[in-house]
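Okay, got some structures for you below.
Each of the next two complexes has chain A plus one other chain: chain B in the first, chain C in the second.
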Partner chain A sequence: MRGGSRAERFAPYVLVAPAILIIVVLRLYPLLLGVNFSFTGDGERNGQTVGLDNYLELIDDPLFRTALGNVGLLVLLLPVAVAIPGLLATFIYLKVPGHRFYRSVYFFPAVLSPVIVGAIFNLLLAFDGPVNAVFGAVGISPVDWLGNPDVAMFVVVGVHIWATFGMALVVFLAGFATLDAALLDAARVDGASLPQVIRHVIVPGLSRTIAFVAVTTMVGMLTSMFGLLYVMTSGGPEGSTYLPEYYIWIQQGQMNRPALASAASTVLFVIMLVVGLLQVKLLRRAGGED
Partner chain B sequence: MKQRALWSAVLVVGLATAGCGSASDTGSSSGGSTDKLVVWDWKSGEPSAAPYIEKAKADFATKHPDVTVEFVAQPFDQYYTLLGAAIQSGKGPDVMLFNGGGQIRDRVDALVPLDEYVAEDKQRLAGWDAFSKDGKVYASPVTLQGHPIYYNKALYEKAGLDPASPATTWDKFLADCAAIGKAGAKCFALGNKEGAGIQFWMSALGSGILTAQEYDDWIAGKRDWNSPNVKRIFELWKEAGDAGLNNEGANSTAMFNDSFALFQSGKAAHVIGLMSDVGHWKDFNEFLTPEKLGVMNAPVVTAGTTPSLAYDGGIGYGVAKWTKDPKVAADLVRSLTSTGALQAFYADAGAIAADTTIDVSQAGPAAATIVAALQSGKPALHVALSSKTLDLMGRVSQQLLSGSISVDEAVKQLAASDQAG
Partner chain C sequence: MSRIRLSRWLLAIPMSLLALATIYPLLFTVNVAMKTRRDYILDRFSLTDTLRWDNISAAWNSVGMDRYFLNSLIVVTSSVVLLLLLGSMAGFALSQLRFRGSSALFLGCLAGLFVPFQVIMVPLARIMADTALIDTYPGLVLVFVAQFLPFTVFLMTSYYKTIPREVIDAARIDGNSVYGVYRRIMLPLGTPALLSVGILNALFCWNDVLMSLVMMPSADHRTLMVGVTSLRGQYSDDIPTFASGVLIAALPVLVVYLFLQRQIADGVAAGSTKG
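Up next, the complex of A and B:
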């Protein structure tokens, strides 16, 4: 009996060991190596400990500061990125005419790779491209969509939202499936307008879904815009569309500065950690309200 | 409680490792066996390069029949990232392809100096400077890369200009551009999305702007950023943009290959292109026909300068430090740069090969003009700059075009970057 209980006590540890080992060996250990590497030098100082030099260089580099500023911009644009699929899902749920058609069409961009999406929009948004031709036809002066540093970042984020909102839309539709239709009917009987229905019935009913979409959209914007940036702007014009990911890639691959790239990776990791923890908190709170 | 202790232990161990600051081991060597050589490049996968690879392999097989050669074609946009990882780990290919200039100079620590092995090729091949650092050669040139100014003779005729005598001075050039503008075309096809437009501009026009002394000093590393002539390079860039000589939206036009497409389709009369690989005489010949494609000297901006063609070694093969027998690997490099192999490369891939003994008379007037200019040519100005300064130059060139920075400020930033590295 004693032996049995000991085996029982150890069983959980044995069972989780493979998962823990994989995380430790393939995730945490390389992470520590990377952090360690970021305290060494590049080029002639390869292999030497240089303390915080790489981090000081990052703070000094206006390009890295732009990249961090753009992360801030992404956070600010998050509500837009969540609201668009949310609103469109609402319309589909409320069965606007043609909702079946829209449901499938909206999902279509989500199956395209970022490289293809980028190439399509490169053509559409070229200075002599169709979008500016339409502008010209109605008498609006052409916009250099990808060549104007004040506009380019918003264009790339816009295209990213266009390319990825289909997935969030599906999540929202799943959320609507759990919404109590009786509440909507009751609101209508009471004479609530559409904005009032959204504000007082749909948003509270979907708070968990909204929080989940916010978290996944944020992660998506921070980690998977590289392809679009690479194809659409190459970080330009004037370095205005740099994101930390792109900066890391340039320093490692083009500038031959792997240690500096490691330092930038570490900074990005810390940012992701903070954003992730905040979002976990947000999710918990949303769950508590329910 | 137990959990907390465990986590603190993990944290302490982690921090201790981080504090040690040990790093990659640069000295380790672990190449393949001597009877197999691995070559990394981004060319061998292309069908047009197949005859070149075949010729080189055959040449090498006569010297070392018992050694097999494996070519691994990497995607170019990932090439230096992959190579960087290989160098960090001290393991990788025995022979590898490099672009001349900064890309190889930044990585000579991982390469074997080839001087003693390739001495016989020194005369026959051109473009060694781009693969040298501190007086030692680290790769043998395969192609030459440079920046001729191509022009469209049909547009010259349409604008009432003589296609046989393009402008030799900047003032005349501007007058020609005005005539071309009236005929409905832009003067320059410019793609500066990647920030590479300014590099081509600097190198193609530099010999007409800098004095011979300034030019040589620049290449030798004594760059005087306060010189009015150096500043003039950037002033002209800005003036050309402000005067509408370039196609619209230059900052969002990709050089590869949107700007070349503008030139090929007759929407712009000039383009600063390349000699090898892409955006070159062979591509343009196809669209404009060889008779309508011209190559002109840089117009003289500063009186007393003698314009010359800017070119360097384009791509070349080097030998990794960790290879077992550098002599055998160097022999493979020699086969890859043999006259027979390079003849095939020039003919099929469309490149100005490093071998100056190859006859190019079949390739049309533009290629012939380029080859004739090689004799008096000089290394390109931008190739002498570090990748970091080039990256910065790309960004400030975009700012100059959009008007968000002054020429003085741009030159100041570039001087600081150049002198720091």
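Up next, the complex of A and C:
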């Protein structure tokens, strides 16, 4: 009320300043720096402008191409990664016997570090490990889960989904809390089957939540699988499990090619930007239906 | 009606199997950690008949796990305290105070959400090296804070928006400065949100690998999660000790989960519904 004094007028800026300063200096400015850096050279050409050379090298690098191909695979697997927690949330919402128990058990792997998850699955998926033992017991020959280039990427994505579906489940359940229960009751009274209820009541009612989960799951697959790759495959076998984030780390830390890594970072940022814009579009359309 | 009831019971079967698949990996690891090396090699699945606490102490003592644990504890605690302080200050100003440029500043904070660490890894490492902050506690703390601050500001702003303006106006009439309102009113009223955002941030920081790996290159500055990755090479022929090390690293998170599961889930849900 004595807000006229100078100190008081500046107070809001003082309160916001530290947060803004950190975000601008350590997130937004590095982004520009990195894009700029991607047009310069490495090693002997350090600091020189090289135009698009780094990007051309990326296109030629089979490892980076594999990384992009794997991003494509993630996009294809996205519907599965969204549908699993969506269905489970539906069942929990419909109060399947024991729903409280399922809810807390399913969420549990989501709090573990990818490093811990990866270490545990290294034991489980070892050639002589429990998974192959179960296979052997039912007469299926053992699989080299992490050593076979055709299988390894699917295994890592599968473990990632195992570790994160609990997060999406909680988001879905929060979405269900906003769903009109009367509609659901009406559908039940009309004798609708479960698939019909899902298709005609739940999916349209939760379109916003579904769009949100799809985008956060995609972002999660693009930016939080490093720990699993680092522990489980190191990008192998034969480079088959590379993702852009792993490629960036290798080029920056191991190969001493920071400018090339920056170019890969810029490509990853463009991919994320497309995902982000898609989110805005999806959410807007979903919002229109409400 | 009855069709739905029947299908509910049928669903319990796949759902229980999935629940089993969710906890079995951890139970397997606990079981292995309690075995002797010999038992593990002879039969890795059977329920252990020994409780080898020695494995745990071996893992704890021999590879510097205690050091890594301490590193993680220092970095995570400092990061969370800073995140909550800066996040609640900014959240209070952006939600309750009217000032020029506030919506632009809010958007500036949100923009940070769209810049993942992977994208700025190279320039950020360079900035940290130029300022001699690389491989130091404050350096990693700053990187963690920069990573999770946009989300923290966002959640604190939406939480503080729910507090009626009259509360602040009344406090101002009582003679409090803006800072006094923050300290005496906003901080205590924000406790539930601070708790839930704080736990989430603690989990994110504690579980991080990539940022710690890039920003803390030297061996005695490793955080616990980076330390765990080095266990495998060390104990490739002693899986029970390896499993024990993994358990030590997971234990704090498991304890937090057992007691604060509700707050974690609420934090995740709040992040989604306020979007």
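One rule holds for everything that comes next: the second predicted complex is superposed on the first by the 262 of 290 C-alpha atoms of A that agree within 3 Å, B and C clash if a C-alpha of one lies under 4 Å from a C-alpha of the other, contacts with A are read in each partner's own complex, and residues count from 1 in each chain.
By definition in this document, contacts are C-beta pairs under 8 Å (C-beta built on N, C-alpha and C of every residue); 3 or more make two chains touch, one makes a residue touch a chain.
Model, not experiment: these values are computed from the prediction.
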**OP:** Could you say whether A:V105 touches chain B, chain C, both of them, or neither, answering first, second, both or neither?
**Re:** second
Original post:
Of the two partner chains, chain B (first) and chain C (second), which one does A:M167 touch, if any: first, second, both, or neither?
Top reply: second
**OP:** Could you say whether A:W249 touches chain B, chain C, both of them, or neither, answering first, second, both or neither?
**Re:** both
Original post:
Of chain B and chain C, which one touches more of chain A's residues?
Top reply: C
**OP:** Report for A:I23: first if it touches chain B alone, second if chain C alone, otherwise both or neither.
**Re:** second
**OP:** Go through the superposed model and pick first if A:M153 touches only chain B, second if only chain C, both, or neither.
**Re:** neither
**OP:** Once the structures are superposed on A, label A:F37 by its partner contacts, choosing first (chain B), second (chain C), both or neither.
**Re:** both
Subject >> Which of chain B and chain C A:P258 touches, first, second, both or neither >> reply: both
Original post:
Do chain B and chain C touch any of the same residues on chain A, and if so, which?
Top reply: 28, 33, 37, 122, 249, 252-253, 258
Subject >> Touch list for chain A against partner chain C, complex >> reply: 1, 3, 7-9, 11-13, 15-16, 18-20, 22-28, 30-31, 33-34, 37, 88, 91, 94-98, 101-102, 104-109, 111-116, 119-124, 129-130, 133, 162, 167, 170-171, 173-175, 178, 188-189, 191, 193-194, 197, 209, 212-213, 216, 219, 222-223, 226-227, 230-231, 244-245, 248-249, 252-253, 258, 261-262, 265-266, 268-269, 272-273, 276, 283
Original post:
Across the complex, what residues on chain B touch chain A?
Top reply: 10, 14, 17-26, 78, 80-81, 84, 88, 106-107, 109, 193-195, 247-254, 258, 387-388, 391, 394-395, 398-399, 402, 404
Subject >> Touching residues (chain side chain A, partner chain B) in the complex >> reply: 28, 32-33, 35-37, 39-40, 43, 46-50, 63, 122, 125-128, 142, 144-149, 152, 233-234, 236-239, 249-250, 252-256, 258-259
Subject >> Interfacial residue positions of chain C with respect to chain A in the complex >> reply: 1, 3-4, 7-9, 11-12, 15-16, 18-19, 21-23, 25-26, 28-29, 32, 44-45, 86-87, 89-90, 92-94, 97, 99, 102, 105, 108-109, 111-112, 114-127, 142-143, 145-147, 149-150, 153, 169, 172-173, 177-179, 182, 203, 206-210, 213-214, 225-226, 228-229, 231-232, 239, 242-243, 246, 249-250, 253, 256-257, 261, 264-265, 268-269, 272-273, 275
